[in-house]
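In order of appearance the chains are A, B, C and D, and numbering begins at 1 in each one.
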Amino acid sequence: MGESLKETLYLLLEDPEGRNPRAGMVRIFLMALILLNIAALILETVREVSLVFEFWLKAFEWLSVGIFTVEYLARLWVGGPGRAQGLAGRFRYALTPLMLVDLLAILPVYLPLLLPTDLIFLRALRLMRLMRVLKLGRYSEAIQIFCRVVVQKKEQLVVACIAVLILLMIASSLMFYLESEAQPEAFSSIPQSMWWAIVTMTTVGYGDVYPVTGMGRLLASVIALLGIAMFAVPAGILSAGFVEHGDAGKTGDTVCPHCGKPLGPGRTD
Amino acid sequence: MGESLKETLYLLLEDPEGRNPRAGMVRIFLMALILLNIAALILETVREVSLVFEFWLKAFEWLSVGIFTVEYLARLWVGGPGRAQGLAGRFRYALTPLMLVDLLAILPVYLPLLLPTDLIFLRALRLMRLMRVLKLGRYSEAIQIFCRVVVQKKEQLVVACIAVLILLMIASSLMFYLESEAQPEAFSSIPQSMWWAIVTMTTVGYGDVYPVTGMGRLLASVIALLGIAMFAVPAGILSAGFVEHGDAGKTGDTVCPHCGKPLGPGRTD
Amino acid sequence: MGESLKETLYLLLEDPEGRNPRAGMVRIFLMALILLNIAALILETVREVSLVFEFWLKAFEWLSVGIFTVEYLARLWVGGPGRAQGLAGRFRYALTPLMLVDLLAILPVYLPLLLPTDLIFLRALRLMRLMRVLKLGRYSEAIQIFCRVVVQKKEQLVVACIAVLILLMIASSLMFYLESEAQPEAFSSIPQSMWWAIVTMTTVGYGDVYPVTGMGRLLASVIALLGIAMFAVPAGILSAGFVEHGDAGKTGDTVCPHCGKPLGPGRTD
Amino acid sequence: MGESLKETLYLLLEDPEGRNPRAGMVRIFLMALILLNIAALILETVREVSLVFEFWLKAFEWLSVGIFTVEYLARLWVGGPGRAQGLAGRFRYALTPLMLVDLLAILPVYLPLLLPTDLIFLRALRLMRLMRVLKLGRYSEAIQIFCRVVVQKKEQLVVACIAVLILLMIASSLMFYLESEAQPEAFSSIPQSMWWAIVTMTTVGYGDVYPVTGMGRLLASVIALLGIAMFAVPAGILSAGFVEHGDAGKTGDTVCPHCGKPLGPGRTD
């Protein structure tokens, strides 16, 4: 009987053929539970809400953690899409990213029961509960596509990010030497003036720190004109990745996204 | 005679062959009326203007609503491009998006005459009059192209928007835990700190809320560098869609904009 | 003799074969004069500079206007690249964009001598002198490429701009109805709240106007997320135009910018 | 023996075949030293750190300058990848960009020992030490790719930058004439109002300077809508360059990233 239950769970949780209607309902139920749970965690921080609905928020938290725990254990027992067997196989399965995320979603609730804890650790655990949003990765095609695009473009992204960091360092050093005398508070050190550089080159520009001397403004102008172009490059790379991905998906990855001709065998992206 | 009037109206309003000069004049007249009406609605909110020209603005409003009503009834009677017949056919035609927009443009003026209303409802109705701008959709190719681009890229846009929302949630939660002690006002709850996250990641950066602690600034820097790239992706996708659309339009949809080869018959975008 | 002078001027100013070394020197001299003249006009507005160097700035202004006048008359006499003849031909030539720009560069200096003027008109004329920067258009390939890109992408740009304007109107109207009670100063009318909408959707975010109510912030968040994507589209279209232009230029406009194969005859961009 | 040491150094420093494991270790050691040295220079400016660790920071600075000096002299002796011989050959090699950067990394420490210096010169030399980050260029593929992309797109970048500068000049002049009366401080001259123009058109928007008059806001709106599109173009060009570069790298430069056809021999980018 244990085997037939395991078989049923396997069909429900892993849905190997992808068109079991009851597996679809389980999936939708779990996604809804994750979303509701995250909404509850967010609302908990609003004092007006947490004062009135404290009991219900707590109750819902325990209920959903219970379901997530059952889900985690069931997935572990079933052994995943590869039907891992034995302790070693299941241990290896438990170390896959998706299973680690599932563990991370329930662990913060059980840890204080097992370990002696202090207040700061408790706060960190409360924060970790929000990582449950990552559980959506199992269901959300959006997150999977996003990850694939990042992986596909990772070389260009790394290049752009290193260029951005070097630019950041040069900009904040130069600004420190030019503005630290006029504004010893805001530009008290290079790490401090990095805050200015990031706020400027990302074009956020809160307005809490900005140059006031003539030379500082001149440098800031040059940095803004040069640096912003550089800071926008990672966004451009990601956009291109998404556009290519979408085009490729539409034509089924075997024809040119532009002219519909079959692609050569050397083409991989 | 009713039939011949209906035929005339059909030719004027629907212009099936697209080169009736009098239908073109009707179109230009209605577009001008919509634009003037919106200008009037906007100017109405400027106290100096509304005090002096109150009568003329009201008169123009009633005149244009009258014309819009006649236009709506005429369109309904004619039955649209498909010449819908009978009550059921016309009811179905009335539920098409363009006809609903036309109804929305005149309804807010008639509703207070039919229903008992209070002040808030009246304000909402006044606001709804501005939705008349959507009536331009019938005439403006720009809006139609814009809609087509959005529809064509909707999968990538949805993926990017979900990634943006998840990022938003993670960023605002982390910031809440780091800054809520130093700035209990600005970061009083996660929904509150979402305002900061949106203002930062869209790079608007009003400067009403920003981190002040060292850890908060470090996190804000990392979030800015990572998040902004992500927030710019929808814009990149839309841009690519517009560029592709324009290129396709130019080459008449029959050759690849990249290699000039004729496109296969299976190609739809 | 007049004819031989005219011929010499034609070769110097129009340089039909594009490799007359003396014509190159004239070109460089005129470009330098324009740049210096603009620098002088800019420095004139710095009080410290204008007090000390008033005489020299004035002298240089008159000298360069003199040279520009001689250049304009010489160009008119020569008749341009087409060697326009007679009064009518020269009048038609004088109405070409480049000649109008040349006229605009000198007219503001002569007008006050011909017409009775008041102070406001004088100020406007002073401002118009800065339009001399457009004279660079004759020499700068950058400006010519920029104009060509804009012309080539004008349809998509117009579509994007209309979408932007409609979005702007909807955003500022909604914000006016939501925030005008809480901030009657900053959101006193729809035109007034358009300032907020532009500052937000371009992501400039000065911080002089921002929503403070919960509903206002919610709306601002939605508008920011949706609208910014739209506002970035014209930039994306221009970038694509520049990239295509550069690629096309490299491959000589007759082969695919991507694979170097000859382009089909139907390809025009 | 000198020759065999030179040969060993050549293999260690230049690594002609690119798979000498000891040369790899030298490379990693030098990169780590550069990064640590830069970190030390940055931390030196934080008063809390420099007070406590002054001795260790100084000691580490002298140690790393010593190693950099030995490295520089060794490279010069070896003569670079081309094994330059004689004084003239080595002098020519010393003038290559990478060797100049290496010289720049050590010179600021030795100059005060050779020349009489004042305080300002000393400050400038301290700043120049940060240019050591450029030494990473020898090892970082990211910087090399970045440089190659900039070189490849330099024509379009120059065109876009000139357009940006002309736009900047027009915007700041117009704004000066419109706002200088209402805000004589912030818009006291055209160079002064250029600060506003740059902060606005890069969309940084600190909020220290913004128009307050109706006309000024109208102009700022138009400038923002037009100008921002232009300012984003260099970023778009760079992004396109990175994406193309990455695509070319993946397909091994032999097939078109768009249609999968083999590339012609004339294709170089």
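The criterion applied here is as follows: a contact is a pair of C-beta atoms (placed from the backbone, for glycine too) under 8 Å apart; a residue touches a chain by one contact, two chains touch by 3 or more.
The structure displayed is predicted, hence computed values, not measured ones.
Between the interfaces A-C and A-D, more contacting C-beta pairs are found at A-D. Interface repeat of B-C: among A-B, B-D or A-C, over half of the contact pairs recur, by residue number, only in A-B. If you average the Cα atoms of chain A and of chain D, the two centres end up 31 Å apart. Rounded to whole angstrom, the centroid-to-centroid distance between chain A and chain C, based on C-alpha atoms, equals 43 Å.
In chain D, the residues that reach two or more other chains under the touch definition are 203-207, 231-232, 235-236, 239-240, 255-259, 261. Taken as a contact graph, with one node per protein chain and an edge wherever two chains touch, the assembly is complete, since every chain touches every other chain. For chain A in complex with chain B, the residues that touch the partner chain are 38, 41-43, 45-47, 123, 126-127, 130, 133, 136, 140-143, 145-146, 161, 164, 194-195, 198-199, 202-208, 231-232, 234-236, 238-240, 242-243, 245-246, 249-250, 255-256, 258-261. For chain D in complex with chain B, the residues that touch the partner chain are 203-207, 256, 258-259, 261. Of all the residues in chain D, the ones that touch chain C in their complex are 153, 155-156, 158-160, 162-163, 166, 169-170, 173-174, 176-177, 188-192, 200, 203-207, 210, 217, 220-221, 224-225, 228-233, 235-237, 239-240, 255-259, 261, 263-264, 266-267, 269.
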